[in-house]
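You will see chain A twice below: alongside chain B first, and alongside chain C after that.
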Partner chain A sequence: MMRYLLRRAAHAFFLLIGVSLLAFAFTVLAPGNYFDEMRLNPEIAPETIAALRTQYELNRSLPVRYVHWVSSVLHGDMGFSFAYNTPVAPLLLVRARNTLLLTVTAMLLAWGIALPLGIWSAEHLGRLPDRLVSWGTAALLVVPDLALALGLLVIAVKSGWLPTGGMVSLNFDRLPFFGKLRDLLLHMALPVAALVLSVLPTLVRHVRAAMAEVLDAPFVLAAEGHGLRRRTLLYRYALPAAANPLISLFGFSIGTLLSGSLLIEVVMSWPGLGPFLLEAILARDIYVVIGGVLLSTLFLVGGNFLADLLLYWADPRIRTETGP
Partner chain B sequence: MSGRRTISRWLVFVIALHLLVIFAGFFAPYDPAEQDRKNPYLPPMRLHLVDHQGHFHARPFAYGVKLREGSFDQYEEDRTETFPLKFLVRGASYRFLGLVPSRLHLFGTETDRIYLLGSDSYGRDQLSRFLYGGRVSVFAGLLGASVTLLLGLCVGLAAGYYGGWRDDLLMRLAELFLALPWLYLLFALRAFLPLAVGPLEAFFLIIVVLGIVGWARPARLVRGVVLSAKERDFVRAARGFGAADGYLLRRHILPETSSVLLTQATMLVPQFILAEMTLSFLGLGVPEPVPSWGNLLSSLQQYSVLVSYWWMYLPALIMLPFFLGYLGLGSELQERAEPYKIGR
Partner chain C sequence: MHGLVRVENLVKRFSKTRLAGPNQEVRALAGVSFSILRGTTLAIVGESGCGKSTLALCLACLERPTSGKIWFEEREISGLHEKDRRVIRRQIQLIFQDPANSFNPRWTVLEILTEPLALTGNLRGEEMRSRAGGLLSQVGLSPDMQGKLSSELSGGQRQRLAIARALALEPKLLILDEALSALDCSVQAQIANLLMDLQGSLKMTYLFISHDLAMAAYLADEIAVMSHGQIVEQGAPEKILKQPQSRITRELLAAVPRLDFSPHRTAES
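This part shows the complex of A and B:
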């Protein structure tokens, strides 16, 4: 167990190092930086800009900057934001929290819907419920994320049922606790719905395929012959047997959700990593961009690590393969 | 259902849609940049066959549009004016396939402009902008996918065929690219490239960025195919007869990868169309006044547009057939490649 875990952790660690190196390598290619924009402003003296450049080490060589940046990461700063004039980490963490709030909720909801729906569909393979689900997922698959998010927004604006932007109402601070919770949930409804609908079809299709394969196996027939209850059979026996590919998909779906969230946050003005990164890109605030990318990689790697753990727990074959 | 027939049907559908955007100049009634400042945000005009007095007309026509009494953004039909639809009319000049100058349009009116999808804030025809925008977005998707597949193919062939340290190096690099959520990667790459560029540079920039973002997955798949292909008996036999590496790769191994590349292409093209849309929507892609599906939708970022001019959303709906075509084609191809994977 420990060896398996350590190996996965080491893998994740090297992946993060690699991504950060890659991100830094790309900064060399980047023409222009934050201070080039300043040069256009006649009110800022060239000496000031030169001093700032030295202060932020833009004149130093890349390896030196990388080493300094790594030490800054280890100190919990993750570099320095030119635009905000503070360390990057505190800025990023608030946004990352909001992004995680969306993605984790969407993830739970999407799997909560996809599992029963996929199983239901596999149970009635080729018959009406299966057809309905297949058509539904195909229809959702056709709609691109952007069109989906904008469509939901148009519907919300036209109907006036749900708030269409931001994370909380203006009077949020004055609300009682449950009022706050309700307000937050209402604001979350639209972006979460967009996220769930964008990943749902893929999940349902995979659950259906995995379950259909397992339900074909002789042991299911035997269990049926023993008179097992349908629910017990499906969820207690068939689902664990089908779990292996689904757990890998779980790790994969984190990446899809993070990407989807990036766009949907901008569309629905959710104060997460999406709008923040966009702003940083436009301002050439490179450490914020690198930090954001690295953080997203960390989430994805963390999710995959979680999936590996789950797999270890769920699949006895892996346990025996890697030894105790 | 016979697979081959359905595949060819989907293929015809997809090609027809592409012809629509390739010959945008002919199908679009107007120039996409031509402004009509007196008529901003006109709602879509409806085509009629029966007029308000109940008379039937063989030629479809549209009524003019006027402001509703006492309002400044609500329009209604002005029944005193009719615009009969004419087919194959002469209008704004364009270049057929970018080469032959022409003034012929599929339809139009002889008098005033008609707006079948409404007009935008400058009074530009949304339908024309959609068709011309499709040219940018769809071709960004197609070219981006080509670059990606070419890159993936080269890397996959090299890694799979030569193996050893090259394989290790390339596959670790691929893992790095796969470890990033793809939209973050796209953003990051875009962040390191110049922001203020002309439409053409932006277009090629996007294609390069897409190529870099996507190569890892096809490379891994191609590598897998190559690994199994190079141990096949006929390949070993050919090698035994003294075939050179280049010959083996070209004649025996490359053909094996075609099915993987084809299914990947049907997945990548719509994904990359969406990527271009996302970038242009956020102002990181093709800039105005050149239309693209992304910047066509970006006006919806303003709350006022969202509230008052819902028809600005219509382009998002009429682009769905493109995605449907690729999805249909992709799933048919996949089914042919792995017939027992997912039973219908």
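This part shows the complex of A and C:
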């Protein structure tokens, strides 16, 4: 177990270093920088710009800047934002929190719907319920996420039932506690719905496929022959046996918590990482961009690591393969 | 004397619904009738696709027949509610052809055996373990095997384990659906003898389903030959072997491998 863990952790560590190197190199080597636009402004003296460039080490070589950046990451501030004139880490953390509020809710909802729906579909394989689910998920898969988000926005605007942007209302601070909660939930409804609808078909189809395979196996028939209840058979017996691919998929879901909602956040103006990173990329606020990439990678690596741990815990065959 | 099982005019049709065109219909059972006396073995022999396995599933309450009746201990069971059928299922256990797929691949031998045990009684940890050990020795396996995964066992051991798991529920009827077909000859003979021993000691009733007429004759008190969803010939093993009445029986007989060491043949060759 220890060896397995260590190997996985080493793997994750090198992956993070590789990603940080690539992200750093690509962002820094891309043409243009934050101060280029200042040069067009006649009111800023060239000496001021030169001084700023020196202050932010833009004239130093790439390896030197990388090493300095890594040491600042180790100190926990992840570099400096040119646009906000503060360390990057606190800026990112606030946005990441907003994003996670959205994506964690959406992920839990999506899995909560996908599991029973996929199992129901697999139980009635080839019959009417299964066909309905297949058609429904196919229809959802065909519609691009962007169109889905825009469609939801149109509905919200026309009906006026839900707020169409932002995270809270203007009068949020004056609301009582439950008023605040209600306001937040109302603002979350649209982006969460868009996220759930965009990931749901994939999840349902994976659950259906994994369950259909297990339900077809003779050992399930044997268990049914022992006189198990239908629900026990499906949820306690067949589902754990079908769990391996689903656990990997779940790890992937966790991995995309920070990166999966960027587009929908931009479209629905949710103050999360999406609009923040977009703005930073356009302004070439490089340390914000690199920090965002690194944080997403951390989640992806962490999600996969968690999936490995869960697999190890759930499947005795993997335990015997990898040794104690 | 009444039988344990009585089947009357059993019909099972499968229909494939299609989006366009007429529905396809497959008739797996076309009016099958027989009965099995307590403590005896009936063998159903036929080619693959003749409806043997469908018959097994209908009897085990895992499929509902399209029409016809099944009596088990003088009770009609094909039309019962799902809840009652669950109770009946425990008394009729199935053993499948492929012992490799018959077990949850994640479970150890102990877990495999305790799954049915947990359904029947209120056994607690230690009792469960000793009952599992008892079942293992009953089928000729070592009780030390409890911690192994089914994938670590040989084919014959797996089939013994499948029998042990079926015995855990103390069934009255054991349906062996091609249960020996995936094993090699020497192992087949061992398992066949085990089955006969168990029948002697537990007074169990068997429905032995196979395409192997020789093995059927060895195990069974009566043989029924099936073809295209119907029983074409039925009788005592000697009668079926010596005076086969139907074409299908003669074909099945010809398929039985034989070691023929008669003197004049060796002289010829």
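Annotations for the structure displayed:
What we mean here is this: the second predicted complex is superposed on the first by the 315 of 324 C-alpha atoms of A that agree within 3 Å, B and C clash if a C-alpha of one lies under 4 Å from a C-alpha of the other, contacts with A are read in each partner's own complex, and residues count from 1 in each chain.
Keep in mind that, in the parts below, a contact is a pair of C-beta atoms (placed from the backbone, for glycine too) under 8 Å apart; a residue touches a chain by one contact, two chains touch by 3 or more.
Model, not experiment: these values are computed from the prediction.
When the two structures are aligned on the shared chain, A:R174 is found in touch with neither chain B nor chain C.
Comparing chain B with chain C, the partner in contact with more residues of chain A is B.
In the superposition on chain A, contact of A:R317 is made with chain C only, not with chain B.
In the superposed model, A:Y237 makes contact with chain C only, not with chain B. Once the two complexes are overlaid on the shared chain, A:T297 sits against chain B while remaining clear of chain C. In the superposition on chain A, contact of A:P218 is made with chain C only, not with chain B. Shared-chain residue A:L258: touches chain B; no touch with chain C. Using the contact criterion defined above for the overlaid structures, shared-chain residue A:R229 touches chain C, although it does not reach chain B. No residue of chain A is contacted both by chain B in one complex and by chain C in the other. Interface of chain C with chain A (complex): residues 60, 62, 82, 86-90, 92-94, 96, 98, 101-108, 115-116, 119, 149, 151, 162, 165, 169. Across the complex, chain C is touched by residues 217-219, 221-230, 237, 240-241, 314-317, 320 of chain A. By the touch criterion given at the top, residues 15, 18-19, 22-23, 26-27, 29-32, 125-126, 134, 138, 141-147, 150-151, 153-154, 157-158, 164-165, 205, 208-209, 212, 255-256, 258-260, 262-263, 266-267, 277-278, 280-282, 284, 286, 289-290, 292-293, 296-297, 300-301 of chain A touch chain B in their complex.
Across the complex, chain A is touched by residues 172, 175-176, 179-185, 187-195, 270, 273-274, 277-278, 281-284, 294, 297, 300-301, 303, 306-307, 310, 313, 316-317, 319-320, 323-324, 327, 341-344 of chain B.
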